[in-house]
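So that you can tell them apart, the chains are marked A, B, C and D in the order they are listed, and the count of residues begins at 1 in each.
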């Protein structure tokens, strides 16, 4: 099912300003990713599901095979930035085009080792670990032979404010003793689960509240670390990775497992705020495209003719399809712009554009996928289509990495900082207005 | 945990015009229902869930016990209209107040034999069956010792247009032979599943397309009737009742199982369009109230203080809580009005008010429950609260009994029929306007 | 054009629970109001507009005539509560039905002396004035021979918080000297303008901030009171009543003009918070009905057939018309419920229901009228229909008497007060849940 | 008030991919336009308004002066495409950046001869006129010494379907005789009004309905052409240009005034569908930015502290400001992308992107400006700010050049054309899925 570039709808939807920035080797990779998804992933969804159903927390055989094939096809770790030796050297913009396509199948990114939370974790370990730590933990992650989790959220505090993180890390000699609870973080029950990158509180009385926390590695089999239950998301267990609810009871790890040093968790957290934060959004664009295609297919389904007309012959549906297309394409521009800002101005400058993606795109995806479900009537909510899983994932991204509202607050506060300059400019208008009123003999009115 | 009427928030929320119409015995029942839900149902949710988890398609022991207790407490079949001997004689308006409270717990209505699809099925059988049929099927339904399903939707046609229903019913002597597929209808796998009330096509070439269809009873163990799979709703199997996908292969039932007679399915379908159509909506009001209470509780949770403030101290959340309250209360007025119209003007006159409930309320419930989930941040989508199940149920009601759009079309077309009268009135204004312009010496302008 | 009750669409739309509460004499008045509006007001709109265009700030002759006729027909001061001698004795619910109909024509309420701000001002003066004050000011208002304004908003403070009101009132012997600025309040330029009921600050250093303010009467011709400009609303001058921007420069009025006594402005403001606050909302329902009728008429206009179909033959428009109808009818239930609560439980108990109307209804009206305008395409925004004026008025009500957000805050804060009781009930569930888990041998899990 | 590029907020908001495409001379022009608007236009708004108020349909003196200055500063006709000799040679993308800035002041584009409908008319005349026609009509338009109108909409048909245009054009020898009615088109009453570019029906029985119409020039003083009234937009007369309602009674023009030839109106209409269609949208971005700045200024206004806090200290407003910023910036990406598509792929390829702008941007602008008005409370709707005029203009653009719904239909129909290809691809998945199910020994289920 190799598709030529010309007939590739995912390629055709790339805005022309982006196309002009894609290098030939990137175009080649985008094409390969597309063929990969269309030929190896989407048609294998039923196989994947059946294998997971059988052995719930085990990575299914089809995933093992696809990882192997993707690796040998040079489609592994595509997300890796330039400074990695193994990096294919894609820009964020180029990678976005790949990630959108990956998003068409829920687990496809994993076949290419481009899935969350691995991509963020790999970047973190690469940036902050010692060579020994890297050898032990980064290597297997990059090879795709081990899974990892980033563990931050807690049930007992407002975790969107990370300074409140409370899990206790006591340093006793060359050991750190950990006690407390965590939510989320991939399931310990998964057969490949290797390490938890844990953020905790090691120095609660430090007057500088940005120096109280430490990040360290907890191997998943460490005694005392217990996964209390699988956290379902809208009822889905998301096996075989899943999300866990964890209790740490006197979990002991060596101090060598500390990353960067005690008290430096916030430095690390900052460093994690790069492109990985919008990989989700890139993939949501592609996922929503697939939902949209399903809506189009329903619209011309010859079996579905209420009152004698195809669903796509009702102009209410024509308007719905148009509005969804328009908004989806607008959101693609938003995420591609964010990628481009990171490429051309750096991750820090991209902060606003990342927040813009993070807030707008999951909301759009939730709305559009919901509308597509509704076009399928009673069937739309069942397993007859992938739409319910898509909706659930998009809804999840609205709370992942902090709820919308927290991000909006940050953006809003930054905007308010610009207000005094506008006020000054406004006062400047008044001065000039007075001059002009005098010149033209008009009364200078004030309000 | 008996609550006096004064402190009963569900009672306090009843609008005063409704309270004035509630008879003392109804108020007494409302109070009992409230105590029942608060004391026997909500606290038993965990037990119910654990028992279902163990034996998936079996009615759990706790349900059996609660049904028995509810029956002996006189809280059984509350929905039954007056003309039933067993009816407690509640008006639709009075029953609405009960149903709202039942909605607080997903399966509570079933403890009182007031759940879908039984209520609609009981009314149908009572209205159209012969005494023999009633003895056989209606009696066990009313006793709560058997479950039933109404089976209409099909995968191969646009079922919102019922004239397209295609499952074949061939009458061969004293037997009807059934072939085809159906979607939805409670799961055959359920241990109490007794009968399918099946709508099918027995006379496809009849020139009158309203006389082509027949409704009959298919006992669930009839050979040839196979449940192909459980239809999940947003991933939930909704066990132990669930929804099935069915194949009928030469299923043979006696002609005595036909209701009312061959070709009379549409008569029966019409008769089913009564109060049962908005029991869902009544319960959704109560369910959304419970979601709202959870949001209030989150708002004052002392553990959750992002940036040092309780969630309920952020005025953005104060505004959200206000807006949800206002809309929820407005929707209660809509459903209570529909109940009252049926009481005072009959089911037929209630057609518009029923559609109004059916369209507006599930949409409102979906939005509000979603907002409540969002106030719980990362936890909101997990099993830590009942919110995800509530959302899913409300979303399901948006497609149950036909999608919103189908109902909107009906309402819109009815409105258009009133347009010519308004046009005539408008022309009347013009005639009078001309008179007045002349009288006052003003130019008569036309646009 | 007398319409029998049966054919009266405004009467038919009254919910049945309300109809049952209308006394025969009220039904008779509703019918008369309907005929009045349809025969004397709507067809006279062009005359009214032409007369105002000629002499901008003068009450037009047609208004004088209609007031006279309405008075002699017993259709004057219908809003007056029971305790007024002149009251026709309508309940709030009955008056709501009248007010909805009045809302169909922008200035119709004024022909019946039922317009803002007179209704609120009449109630205030009746409640708090001495017999001498009443003779002087209340009488002409009730006769409709003088206009009045309530003057509270100021440009220099956040007036939605009335304790900030800053206009200075210095009591010097038997005179009060007023200095400061006010916004809004009917135009001084109007030929019938008689009095300003002014709220100001007479005792700025009083430790009790609820005792700092005084309400008094300022006759409109008092020297020093200057209307700086007419405040336009979305560009409309709203002549001949209009809104003014005022400067008070050493305006002197006798102390006899103080209402109730110095420092008692907040007592008076409280007393003003009755049914008058939602007369606006009642009328908006009727106004939106008229907009909706115009949309229906457009939908069947034989001249408008894009792509060969009537506008009402496009199912997108059918859905729009349905949705508008559903929401409009829901909002009628909200405002009628508020009226009924005031009737049966008093104005104070109605506080929440009033806020509910005040917040929800103007927003609904703005949206629906906007949608109706859009159905008229390019013509919709022009003077070819009354839609632009309707939209502007509805938009204005969103800020009149405080913006939506201020009211939402109040409602939200009141809701939060109920949270602890729900938390207690929730904890009660947990105790009972523990019992039940033990009884059934289920693990008691906590989240 | 010259602002350096670094401090220029309008420049800073340009996305980096666009900045990279701006040539130095374009950056220089953008800077000049910014200084022009900030120094000469915005502060002169009061003067403009006062002069128009005095002499309603006369181009005010301040406009004459500014046009002269702009011309000598090289800021005239900036929109002109490359192939014009007088063109400054800006790309659509570069011009978009200028147009956004022009949008900050309602009439600023006119000072630079970049206003509607002139820009579209100039392109049309340049493309289709003979040298004689150009000398007579194009030249004065390009010099800004004459005004023109494009006259298409009619009151008696659905003008969004241009084939229905019905105004009669009879060719009698060397004269065309015109009879009928038109809506919109700039006011004849304006002192500079020169020509109407009129689309009418010259050959109503032509079997090819795309050849029935003719476009010709009607000088504004031609006998028989009467402006019946000024069409107000939400109550605004939009003087001195305004919109007219026209009657043509035996209006006679020479056949030389026909453009391109009889029956070729649709060819001409097609040619008019270029960048001019989204100049409106470009300017709306800038206009909405100015509204947003006003909201920011209100947020820090020290006089406005309800309950003791600045408006910008309420986190509900912080969230509102964030959401507005995010959506506004997303819309800028949409319009800039459309400009870029036209630059790199041509106007025809830009059809979709133009429709996307045309539908999404006015809606966004209406919503955001409305929200900004609301943040100003009671003052927001008055002439104290420019917000009401801004809202009205944005609302107008929702119907100008066809209502949203008409454009959505076109987009939706185009999308449906792509459905069969997706269906084919979907069937391809099924084939491949079957292969994979066999390979892995999984049952091949169908739904």
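As a convention for this text, a contact is a pair of C-beta atoms (placed from the backbone, for glycine too) under 8 Å apart; a residue touches a chain by one contact, two chains touch by 3 or more.
Computed from a predicted model, the values in this text were never measured in an experiment.
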Steps needed, at fewest, to go from chain B to chain C via touching chains: 1
Chains touching both chain B and chain D: A, C
Contact-richer chain pair (by C-beta pairs counted) among A-D and A-B: A-D
Chain A and chain B, separation of their C-alpha mean positions in angstrom: 37
Chain A and chain C, separation of their C-alpha mean positions in angstrom: 49
Sites on chain D at which at least two other chains make contact: 155, 229, 315-316, 318-319, 379, 383-384, 405, 445, 447
Chain D-touching residues of chain B, taken from the complex the two chains share: 155, 229, 314-316, 318-319, 445, 447
Residues of chain A touching chain D in the complex: 1, 9, 15-17, 20-21, 38-39, 42-47, 50-51, 61-62, 293, 296-297, 299-300, 312, 315, 317-323, 325-327, 329-331, 333-334, 337, 340-341, 344-345, 355-356, 359-360, 379, 383-385, 405, 407-413, 415-416, 418-423, 425-426, 428-430, 432-433, 435-437, 440, 442-445, 447
For the chain D and chain C complex, residues of the former touching the latter: 153, 155-161, 164, 183-184, 229, 231-236, 243, 303-307, 311, 316, 374, 377-384, 388-389, 391-392, 395-396, 398-400, 403-406
